[in-house]
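Here chain A shows up in two complexes: once beside chain B, once beside chain C.
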Partner chain A sequence: MSRFRVQGKGRVRHDAPVGFTFDGRAYDGLRGDTVASALLANGVHLMGRSFKYHRPRGPVCAGTEEPNALVGTSRDGGAKGGRFEPNTRATAQELRQGLTVESQNRLPSLKFDVGAVNDRLYMLFSAGFYYKTFMWPRSFWDRVYEPVIRAAAGLGKAPDTVDPDRYASRYLHTDVLVVGAGPAGLTAALAAARSGAEVTLVDEHAEMGGALLSDPGVGIDGMPAWDWIAAQLDELDRLGVRRMTRTTAIGYYHQNMVGLCERLTDHLDTLPDDAPRERMWRVRAGHVVLAQGALEKPLVFDGNDRPGVMLAGAAQTYLNRYGVRVGDLAVVVTSHDSAWHAAFDLADAGTRIAAIVDTRASVRADLTEAAARRGIRVLASHTVTATWGRLRVKSVRVAPVRDGKVQGGYRIDCDCLLMCGGWTPSLHLFSHTKGTLRWDDVQQAFLPDRSVEACQIAGAGRGLWGYEAALRDGIAAGNAAAEALGRDAQDSAVLVANDRTGSGVSHKELPTDGDPNRARAFVDFQNDVTAKDIRLAVREGMRSIEHVKRYTTNGMATDQGKMSNVNGLMIASDAVGKAPPQVGLTTFRPPYTPTTFGTFAGYHRGGQFEVTRKTPIDAWAEAHGAAFEPVSLWRRAWYFPQAGEDMHAAVARECLATRRSVGIFDASTLGKIEVSGPDAVEFMNRMYTNPWTKLGIGRCRYGVLLGEDGYIRDDGVIGRLRDDLFHVTTTTGGAARVLAMMEDYLQTEWPDLDVWLTSTTEQWATVALNGPDARKVLAPLVEGQDMSAEALPHMSVAECTVAGIPARLFRLSFTGELGFEINVPARHGLRLWEALMQAGADYDICPYGTETMHVLRAEKGFIIVGQDTDGTVAPDDANLGWAIGKAKTDFVGMRSLRRPDLVAKGRKQLVGLLTEDGAVRLEEGAQIVADPDQPKPMKMLGHVTSSYSSATLGRSIAMALIEGGRDMDGQIVHVPMPDGVHKARITSTNFYDPEGERLKV
Partner chain B sequence: MTLHDRDLHGATVTIEEIPPVARFSLRVRDKDRAAAGAALGVDLPDRVGDRAASGDRTLVCLGPDEWLVTAPEQARDGIVRDMAAIRDGAPHSLTDISDREITFRVAGPAALTLMTIGCPRDLRRLEPGRAVRTVFDTAQIVLWRDGPDSFRLDVWRSFAPHVRSLLEIGRKEIAAGF
Partner chain C sequence: MLLIHCPYCDETLPELEFAYAGEAHIDRPADPASLSDEEWRDYLFIRSNVKGTHAERWRHIHGCARFFNALRDTVSDEFITTYPAGQARPDLTIKEAAE
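Let's look at the complex of A and B:
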């Protein structure tokens, strides 16, 4: 039995011990414990070192807002196990058998940490310290300051192994989403469910009940609080309410989309197979009820961060929910009635209360009487000015305050100091929606004002206090949600016995008679921001809370200032001399609590990271050893290396084989759009630069598509299959974009045209055959089409069967050789490929990939949109002026082609480049200059867009965009590269068979 | 009606690829709908998501001027012929997309839950018998609800392995009781 565990008390299972280790030492806790409650039961308060000063720290609260007790946890034995998580909140992590816990931010040990030297130097590390200290000398920044700061920065160790866990996600639709299952959330959910609405109730804790779990003495409707909770949950279940525990609402987005993170396995001793660790729920709710409650505020005084100093409400939770007394001898310091109840509960459980120190002059009589009954000394109108104790608080100095002056103080011994500075309504999710807040002068707190979403806030979250008030408010919120959804709501009453009502006052720092410049009075525990830092920031000119926040880092830690924001604001507004609302509150942003990357990534990891589109022929390429390259979402066969070949050798072989006999290429990824309808030709005329009216049925044309700006957007060969039917091909990467652009024009500009667009990219598998023997391979497989050059000339299309498969057969060439593209329904793609491979065996048919395709087209000077164009290249720049229908009155981009800058001299034009030394291959992207000896900065003439070693030509070739390039034909330019400056001669882009003789077969 | 996936321990769902059918995208203006319906022998349903069938032909309205026509494979040529016969009088686009998509059937008590891992729609409101164009993860799909526990997904061919692998991951989760 751990010394601080109270037998029989709490909701933990006293008959179910759970073993775990902390910094290598074995401890026992109980089923139902958190790491923090189990350590506290063993008398351990010291759980970490602070971020900046490395001060010893223990838990300050009992929930997810914990700033201090951040630990490393792992399942499989330490940081190397692959399930290590840094910065786990010890106050939220449920205990599980074998859990390994380690403290953070200490060297060599938690009890003796050399980093604590920072604490001795605290006068140096004031607000804005980085901005001031590391400015000079400038040269020190890169080599000294930044490396040292980076080495010291950060809290916890980042895991260095791959996360083996899986993460899930689901969408959820519900009438009413209730966030928080405390008293208000429970009654709200029940009221809404009773109206017949479909309700989802979520809570971040392991069990529902909220604050009532820490207040078992309260009676509701004649039942003890815990029995009442059980009864509510029973009814919720009977009504079909979806209840989710261990589920945090992390973000509230537009139109009632709420993100939930559900932790599925972190509490389990052993991991079930196939279980995801966490699940992201994307909830679309008709109505949202926020019942998140309020967060207790610390008091700000010198030494308020020592282990053993914690929130009074947290001590009450540890006692009543976990059966743990946080110490034997407590001093309570408070400005709110709630801490008195905590003191009474602890006293009744056997902790001696050395004193209740209340900053207020007068306190409700029933509280002082209850204290007197227990023999507790009450110090009204007192302050706390200091604490002592290195690794655990051992005494506290208290002093009376008369007329604002602190009188002589004295020490009181204690082993824990329980503080309460009042309560802050939790407005984080409401703030995500951009709901407005208003400052409440009485409560000295921001409260929700106008909501922009279909949203109610109930209970302590909107500043109410006391169980009866919260329960009734929950009913009202649940009913309001039901009525907003058009359902009949019934009012119901609730009666509370032993209610713990109360009120309090709010403070900046507590008054002290010490030197405020020496006070270590912490406002933000996690980022080690003190009251002095905030006052310094104001003295140095920060007036807005947003500036104070960034200068001091107050509220910028992972807890997002859940405890520190309001205290920081009170101090800043005092220093500025303005009311708090004039100084403002910083904005909360999702997520509400730190959330794993895994939850955000969900299923998108490994093979599911992104869609990988594969063609029907991909499996053949993989089986035949293809190297692949990604092209938009597709993976495409890049080249087919044979034994001992590198890419260069494989591509050279593929190119030569294709030009010598025949090559085969999987062109299935080409975008395909069927343009169909009586106005198809008119539509084509308006979209593409080319004229289409006179294109005969069964003929093809190379089409150029521009944007409104006159620049090339896409290109491809387009075949006319009927008077009213075009088979359009687009680039692989442009398919979706081109279809969207066409639809956009059709729907918004020309809705009168009787034409329809259908994507057929994936309907067809496309195989390209190129080479002088292409017809010999293909013709024997074709039925229903005369394959002679006369019957099927260059740039024609026919419907026939190939290898018994219905096909759209194009004769066209992207290589300069006799070429065909055979389209067959996708399911037959592989069969067609294999039939052609077999038929081509006698001709040494050579499968080739995208790299060879690129080389072959570059030898002919054919452009690749997006490689030789960059969105600023007009048709004439790319030598495609011929593709513009001269007699056309309009097409997309036509008007822009007459812009002065597009007709001016000196535009960059696509030209060929031949290096003086044919063995040198220029780098794509390399810049081009006229004179390499000119002074810097040099005048850049343009850049290399495509560059290859051409096995066919026995030398390198390149294309480049060069200012006025066509007028420089034959001139020498210079291309600086890492290995030196290379000379190159400007030429035509048509490097191979410029007369096109090879097509005439 | 609510379906609680937390009550699904032991519930099953099967995922299978089903054989191809003849599938066409039909686009036609309002004035010519009746003619198209007459030619196909099925009146074109006018509410997006509605389905109509006659004989071996099924039509689903996917958009204000868009229908999906499905039929057994052997009916393909007949559909092409019937529609070609009215082309002059009732201009339309009939595009064969039989091979564009792969179809998966997702069926079993946990089918609806499995669909929620990738489909943002409130599928409880998709009545059995209807079909809609929507997304599953990042892939566009046509989703058919054939019964309370039975869905079909038409997925573009190259996206199908991605969708299938996500469905399998989700199926394992459900089988594991999570």
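Let's look at the complex of A and C:
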């Protein structure tokens, strides 16, 4: 049996030992323990090293607000196994069989840590050191500062394997959500449920009861507290209340939406098959009751961070809930009545209380009498000025304070020092909703003021103290919620025996007769911020608490300043010389406690991260060894490597085969929109730059779509099938955007136009055939259309059947070769593809992917919107001035083409680039300069937009946007790249068959 | 996550179903060609960016797919009302007087 365990005490199961390891050493705890309570039962207080100074630290609380006792935990044997998690709060992690725990921030060991040299150098690490220390000299940055910062940055170490767990996600609608199942939350939930409302009650702990779990001596309605809790839970269950433990409300959002993180498996010895580790609940509640209680504040004095120094309420929790005495010889230092009860409980359990040090001059008589009965020495109007002990506190210096002056002090031996600086109402969630707080001068605390949501706050969360007050307030809040929902509420009474009422005062740093500049009086334990740091920040000009926070990092750690914010504010406001509300409170933001990325990601990981759109021909491509690339959400065949081919070789072969005979390409991802209706042509005239009125039925045209700002948004070939029906194609990535833009104009600007817009992208499979033999392959399969060049000229469209499938057959070319695009209903896409492959066998038909498509189009200077344009390219910049209907008076973006900046000289224009050495392929994105020897910073003329090795031309080709590029035809520019500066000549973008002879087949 | 009322579907639904579409009541000029550069600039780029009640466009993209307008308080994020595209901006003083 562990030395500090109290037989029979607590809610742990004394008959159920649980083995675990800490830094490689085996320990036993009990079922129901946390890591912290189990280690404390074994006499271990030292659990970690602090972030900045590497000071030895032990747990200071018993809950999720713990700043110190952060450990790495793993399930499958050490950090190398899966399921390693850094920065687990030892005070919140339930013990499970075989749990592996390791301490953090120490090298080589927890008891001897070389990083602790920082502690000796603390003068260097004062407030704002991030802003001061790493400024100069410049040469130190790369060699000294950055490596040091990188090595020291962050708490704990990141896991290095993929998280094997699953995370779930659900929605919930409920009448009343009660957050916190302490005394106020229990009665609130019960009151609301008794009115017939559907109630959800959540609590972040393993069991419900809140502070009552740590106060078993209290009696409620004639029952011991724990029996009363059990009775309440029974009734809640009978009333159908959804009760969720191990569930933290992490954020409170608009219109009563609360995010919950439910932890499902971290406490289990063995993992059930397929169980999610955590579940995110998005709860929409008719009414919310926040019953989150209050957090105990530390006192700020020199050496208040040594292992063994902890909050008095935490010591009480360890004793009453876990059956663990945190030491044999305690000194209690407090400014609040609550710590007296903790002292009495510990004394009654066998811990000697060396003294109760109270900063107040007078204390309630019943408390001093109770102390006297137990023989406890009481030191009123005293302060604590120092502690000793390297890895565990061993003595404390106390001193009387008379008229504000610290008198001669003396040491008292102890092995634990229990402090209480009062209590802070927990209002983080309330603040998330922009609920306002007001400073209460009596309580020296922020209390809730105005709520913007349908929300009640009950109990200690709004400054009430004592169980009877909290229980009654919970009933009132539950009833108010019920009534707000239109239900009849009934008042009920509650009677508390042996209540633990009390009050206290708040302090800045405790008064001392020592040198305040040498005091290591911590305010924020996790970020190692001292009172001196806060005062220094104020001296250096910080006046607002938001500035003090950022300069000192007070409250910026993973605990979000739960314990440090108010102490920091008291000190800062004293230093500024203003009242606390004038110095302000920092903003609380979600999440309330650190939350795993997995919970936020939920199901959206791996294959479920986003949808993968596949064409009807995708399976064929996969079976034939295609390499794929993602294009927006589509997975597209990139190239089809044959044995021994790399991408370069495959693409060269595909390009040559297409230009020599025929290539086949899956173009099904092209966006397709049907524009139909009596006003279809008028609509097209208004949307696209081109004229559409005179486009004949059965003909098609390359269309350009601008934004109202005059820049190219999209392009594509558009066919007219009937007087009132256009088949519009868009870029693969632009389809949804173009449809949204069309809908916007149609619905909001031109609702008078009688037009229907229908997305048909996924209704059609599209197969492109290109090459001199394309017609020979296709024609035998076509019925209902004369395939001669005269009957189906370049840029025309026909409805016919291909391989017996009804089709929309386009003759067009994105390669410069004779080309066709055959659209068939998607379900027939694969059959069409296979029929064409069979028909093309005699012509060595070659399937090609997107890379070859890109090369072939670049050889012809055809642009890809989004690659050769970037949202600042007007039609003329891209040599597309010809696509603008000169006689038109208006279309989207037309007025902008006369904008002063669009008609100015020196705009970037799309040109071709041929490197001096044809073997050199420029990098896409590379910058272009006129003179590589000019002084830095150089004048950038533009950048390379597209660049490929062209097997057809036997050299590299590129396109680039260059200032005034068209006037520089034939000139040499320079392109700096990592391997040197390359010369290139500006040319036309039409590198291959500029006369277009190859279309005339 | 906000709840938004679609005036066409007459349902109050999660923000996930909707897409924001910029400030409302900025009509495309009937004859852009007749506008000065300054007037056209104002149409393209100048927005009110109010602190308080803002008239803005939303689209029920994953529902009826229609555009509508809303008055939203940019400080509290509260939706004051939503109304069909093409309808004049509601006069809140009348609404408040009625309540």
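Following the convention adopted for this analysis, the second predicted complex is superposed on the first by the 902 of 1001 C-alpha atoms of A that agree within 3 Å, B and C clash if a C-alpha of one lies under 4 Å from a C-alpha of the other, contacts with A are read in each partner's own complex, and residues count from 1 in each chain.
By definition in this document, a residue touches a chain if its C-beta (ideal position, glycine included) is under 8 Å from a C-beta of that chain, and two chains touch if they have at least 3 such contacts.
All of these numbers come straight from a predicted model, not from anything done at the bench.
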item	value
Which superposed partner A:E997 touches (first chain B, second chain C, both, neither)	neither
Chain B versus chain C as contact partner of A:S676, first or second or both or neither	first
Partner contacting more residues of chain A (chain B vs chain C)	B
First, second, both or neither for A:Q747, with chain B first and chain C second	second
Partner chain in contact with A:D890 - chain B first, chain C second, else both or neither	second
Which superposed partner A:D15 touches (first chain B, second chain C, both, neither)	neither
Chain B versus chain C as contact partner of A:K434, first or second or both or neither	second
Contacts of A:R282 with chain B and chain C, given as first, second, both or neither	both
Which superposed partner A:P900 touches (first chain B, second chain C, both, neither)	second
Doubly contacted chain A residues - partners chain C and chain B	282, 284
Residue ranges of chain A touching chain B (in the complex, touch as defined)	166, 168-173, 198, 240, 242, 264, 272-276, 279, 282, 284, 603, 607-608, 610-616, 633-634, 674, 676-678, 724, 754-756, 758-764, 825-828
Contacting residues of chain B [partner chain A, same complex]	2, 4-6, 20, 25, 27, 29, 65, 87, 91-101, 113, 116-117, 119-122, 124, 137-139, 156-159, 161-162, 165-166, 169-170, 172-173, 175-178
Touching residues (chain side chain C, partner chain A) in the complex	1-3, 19, 21, 27-28, 31-33, 35, 37, 40-41, 43-44, 57, 59, 61, 65-67, 76-77, 85-86
Chain C-touching residues of chain A, taken from the complex the two chains share	253-255, 257, 282, 284, 434, 452, 708-709, 740, 743-745, 747-749, 751, 889-890, 894-896, 898-900
